[in-house]
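Take a look at the structures listed below.
Both of the next two complexes hold subunit A, though its partner changes from subunit B to subunit C.
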Partner chain A sequence: MAKLQSKYDVRPIASTDGMIVEELDTELLIYDTARDKAHCLNPAAATVWKHCDGQKTVEELQALIAPEAGAADSRDMIVGCLRDFQRRHLVTGTTGWLDSERQVSRRELLKRVSVTAAVVVLVPLVTTIVAPTPAAAASCLAGGATCSIGSQCCSGNCSGFTCGPPLRPRGRSPRNS
Partner chain B sequence: MDKLNRLGWAEGISFISYGVRIGIRASREGLVGTLNDRLPPGWKPHPGQIVDRLYSFVVGGDDPLRKRRLLYLLYGDGTRVARDRELEPVLDAFESDLRLSVAFAARQRVFVHAGVVGWRGKAIVIAGKTFTGKTTLAAELVKLGAEYYSDEYAVLDLSGRVRPFPRPLSIRDPATARTHYLSVEEFGGRAGVKPLSVGMVVDTRYREGARWHPMRVSPGAGAMVLLANTVSARHRPARNLPVIRKAVSSAIILRGVRGEAATVARDLLARMDQADAEPDRRALGTF
Partner chain C sequence: MAGQQIARMLSGAWRVAPPVLDFDRNLLDGVRPQLLASGTAGLVWRKIRGDQSMTDSPVADVFRDWYRSNALNSARQQQAIAAIFSRLTENKINPIIVKGWSVARLYPELAARPVGDIDLYVAPEDRAKAEQIVRKLPDFPYHVDFEHLALALSKDTVASVFERSEIRELHGTPVRVLGAEDNLRLLAVHFLQHGGWRPLWLCDVAVALENRPPQFDWKRCLGDDQIRINWVESVLVLAHLLLGARIDDTPAADWIAEFPQWPRESILEKWGRLSIETVGQGYFPPVGSMLKPGNFIRAIRHRWDDSIRATVEAGGRFDNSSRLPMKIRWGLKRAAQFYFPRIEH
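Let's turn to the complex of A and B:
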C-alpha cells in the first residue's frame, strides 16, 4: 500500500490523565472525570487510541486500521479518527497538523469505502455522552402534576404547586430556542 | 441545619437501606409511623444515631390558635425538599427524594434508572428516562410470565448481577398526570428474589403507531445506555464502569422505537428463548 507522507512528524499521545478506561471485548469505554463525559470507542477507534503512545507516527497508525481500504481512504479514516479524539480531549500532539489535513465527512467516507473496499471495513467511531446528574437519572413528574419544588418536575419548573412548562430566558421565543 | 436542630422534634426513626443509613424526624407525633409504605424495599431498622441523610418533617395543617393553615415542610439534611399546604404531595416528594438518596449513596450497588424483569434465570433491563414507557413494558412482560424485579431501578451488585428493587408498579393516568401504585400480584405476576445476570438490555421509547424493528447493537452501546441512566454516574465512575462492563458483557443489546407494549414483550421473550437455545451466537458477540 502506498503511503502518503505528512510534512509534520506527528506522533499522537493518548490522554490518560483523569481518564478511567475499561475494555469491553474489542471496544473501549473511557470516562473523562474532568469533563464528566463517557466515550465508547468501537474496535477500530480503540486500536488506534491504544497505539497512540507518542512513538508511532500517523502513517504507522494508518496501517493498523483497515489495511484493506485504499491509501487515500485509510488516510481520511485516520485523520477523521484523530480529529474525533482531539475534539474529545482523548489525544494530544496533533494540534496544527490536523488543521492542515483535508476534512472529509464521515458520511462521504462511508459511502466511498463501501464502494471501493472489497471487504467490510470498520470505520473508527467514537460515541460520547454527558454523564447524567443524579436528578437527571431519576423519575420526574409530568406537566400538571402536583409538586413542591422544581427538581421534582421533568421541566424543572414547579409554579403554584403544579409542574409547568420549562422556563425560558426573557426575549427568546420558543421557536428560536 | 443548626436552626433546624433547634426546633422541637417529637419523634424519629433511623433505618438502613442498601447500606445507606437514613434518619427521619417529625415535629409532631403520629407521622413517622405512617411512612412505612413509603420506605425503600428491603429497609431494616438501624439502631445508630449517625445517619447519611436526615429528613425533617415540619408538620403543618390547621392552627386553631392563630386561625390559619400552616404549610407542611420537608428538609433533607439542611435543604428544603418540599413545601405544600397538603401532606400528600410532601410525602410523594419525600418518597422520590429518599429513593434517589439511597440510589446515589449506596456503596455496594449501582442504581440504573430502568425497569427489570427476570426470564428463565436472566434479567431483561429496560433502561430509559421517565415517560419512555418502561413500566408499561415491564408490566406486559410480567403478564406474560416474567418475574418482576423493578420498574424504577436496576440495582446492580459489584459482579454486574441485577438485584430486586420490588416496589409497587407506578402507573400514570395520562389524563390527570397522577400516579397510582399497583402491586405485582394485582397484575397476576410474581416478584423475583434471586440475583440475575443481565441477558438483555433494551433501549427503547414508546411512539404511537411505531413498528418494532429493533437493531442489535454492540455491548459498548449497551454500556453507554446504562451509564446514561446511572444515578451515581458522575460521582463514582471508577466503581460504575467495571460493574456496567460485567453487566453487559454477555447481554443482547436492542435499540429501537416501539409501538404497543404487548407485541414488543412477546418478541423480547422470544429473542431471550432463542439466545438461550443458541448460546454460541451470543458468545461470539454477533450483532
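Let's turn to the complex of A and C:
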C-alpha cells in the first residue's frame, strides 16, 4: 500500500531552463537550446505539460485529459505522455516512478481508444521536429563558409574559396556619411 | 516553368487571409526543393493549411515543420536581439535593426518568415566598438552583420536615418527599427543587390508595402536620386507582376504596362533554379560541384547572365536598353575581384 501511495505522490515539474516555448495554432512548440532539439506537443500534451507545476499529482494531471476515456485508458495516456516528456527532458520528478508503471505502446493505446473516435484527438502526442536553424534566411555566408565570390560573404571577402574577415579597416564606414 | 509556379504559390501569402490556392499537390511536390531553398516554407504552409487535400500529403508535413521551426527560431532570435540591444545601449551605442526580425514582425505571424542573421545599423564611428561588443557575447547563436546598408542608405545622413527610425518593444527592451519609408527602400534595393534570387525578399517588399502606415511619405521613400527612384519603383512593379502585391495607389502604378520584360524573366529563371545546395550561397552552385565541366560552364553562364546585378553594379536604370555594356563592365570587375581579391574595387 505504501508503494502505491508513493506512486500517486509523484508531482512532475516541467523543465523550463534553456527551453524556448512558443504556442502556435493549437500546438505548443518547445526548443531545448542545450540539446538543440525541438518538440511539438499536441493540445492534450500541451495541457499536461503546462500543468506540470510540481503541485499537481499524476491523478490530477490524468483528470485534465480525456475525461471521456475510461480510467485505465486515461491512466495509460498520462503515463505514456509523461514517459515521452521524460525521454525528451521536458519534465523532472518522474524518474523511478515511470519505470514501475505499465508500458503501453502508443499504437496499442490508439487502437484501444479509437473505439471512441472523439477521444483519439485527445491522446497526448509529442513529436520531434526540425530544430530551428539561423541559416534559413541568411543573405550572406559567415566566416569560414565555402564561397566562390566576395559578394557571397558577409565580410565581402572570399579568399581561397573561403569567407574571410572584412578587408576594410575596422571602424571605417562603407559609403555612409 | 518552376519559377512561375513558385510565384503563383507565393502570391498573396503574406496577407492575413492568403488567397485560395489554385495548385495541386503534384505541382507543389514539383517545386518543393525550390520553395524550401527559398526560405518560403512557412508562407507556403499558410497557403495550404486550409486545404485538406494538401495537408493530408506527406509533402505538406515538410512545410509545416519549417513553419514550426520558424516560430521557434523567431522566439529564440527575439531573445538574442533584446540581449544585443541591451548590451549595445549600455555601452552608449544606438543600433537600428534592419531586415530579418524587423520585417518578420510585419507578417501576420512570425512563423511565416524565417530569420537568419541579425543586421544592425550603427553610426560609422560606433561600428568598431559595436563589433567588439558583439564578438564578446557568450554563445551568441546568430551572425551579426554591420555591412548591409551602404547602397540603400548611401544618400542619407546617419542623423536623418535615426531621426526617422521608430522604437518597438521586445521582451521589455526598446528596439529601434527603420522608419517605414527607409525600410521599404532598403528592402527593395537589397532585393536588387542580390540579383532578386530569393522570392522571400520580394514577399518582404510586398508585406512592407501593403502594411505601410497611412502617413507613409513616398517622397521620403523614393528620395530625389533618379536611379534610386527607378530601382525602388522597379521592385514594386516586380512585386505586383510576380506576386500580386497591390501597388495601384503607389507612384509605380503607372509604370506597369511599360515595364521591361527582362527583369521578370531573369528573376523567374533564378527562382526556378534554386536548390537546397545553394542556400546561403545565393544562386551560385557550391564550389565542389563546379569541378564538373558541365556545371562550371553553367555557373559561368549564370554569372554572366545576371542582368539585374550587372545593372545595380553599374548604377544603371531598369529600362528597355541593352544590358550588354553593363554585363561587360561587371564581368571585368568580377574578374579583377577574383584575381586580385585583396584590392578594393
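Keep in mind that, in the parts below, the second predicted complex is superposed on the first by the 115 of 177 C-alpha atoms of A that agree within 3 Å, B and C clash if a C-alpha of one lies under 4 Å from a C-alpha of the other, contacts with A are read in each partner's own complex, and residues count from 1 in each chain.
Convention: contacts are C-beta pairs under 8 Å (C-beta built on N, C-alpha and C of every residue); 3 or more make two chains touch, one makes a residue touch a chain.
These numbers come from a predicted model, not from an experiment.
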Which superposed partner A:34 touches (first subunit B, second subunit C, both, neither): neither
Dominant contact partner of subunit A by residue count, subunit C or subunit B: C
Which superposed partner A:42 touches (first subunit B, second subunit C, both, neither): first
Common interface residues of subunit A - those touching subunit B in one complex and subunit C in the other: 20, 22, 24, 27, 29, 31, 33, 38, 40, 129, 131-135, 137-142, 145-149, 152, 154, 161
List of subunit B residues in touch with subunit A within their complex: 74, 80-85, 88-90, 92-93, 96, 99-100, 103-104, 112-113, 130-131, 152, 170, 172, 176-179, 218-221, 223-224, 227-235, 237-238, 241-242, 244-245, 248-249, 285
Partner subunit A, residues of subunit C touching it in the complex: 39, 65-77, 79, 99-100, 109, 111, 113-117, 124-125, 127-128, 131, 141-143, 145, 147-151, 153-154, 156-158, 190, 194, 198, 200-201, 279-282, 284, 286-288, 290, 299, 334, 337-338, 341-342, 344
Parts of subunit A lying in touch with subunit B, wherever the complex brings them together: 20, 22-25, 27-29, 31, 33, 36, 38, 40-42, 127, 129, 131-135, 137-149, 152, 154, 161, 163
In the complex with subunit C, residue positions of subunit A that touch it: 20-22, 24, 27, 29, 31, 33, 38, 40, 129-142, 145-152, 154-159, 161, 166-168, 170-177
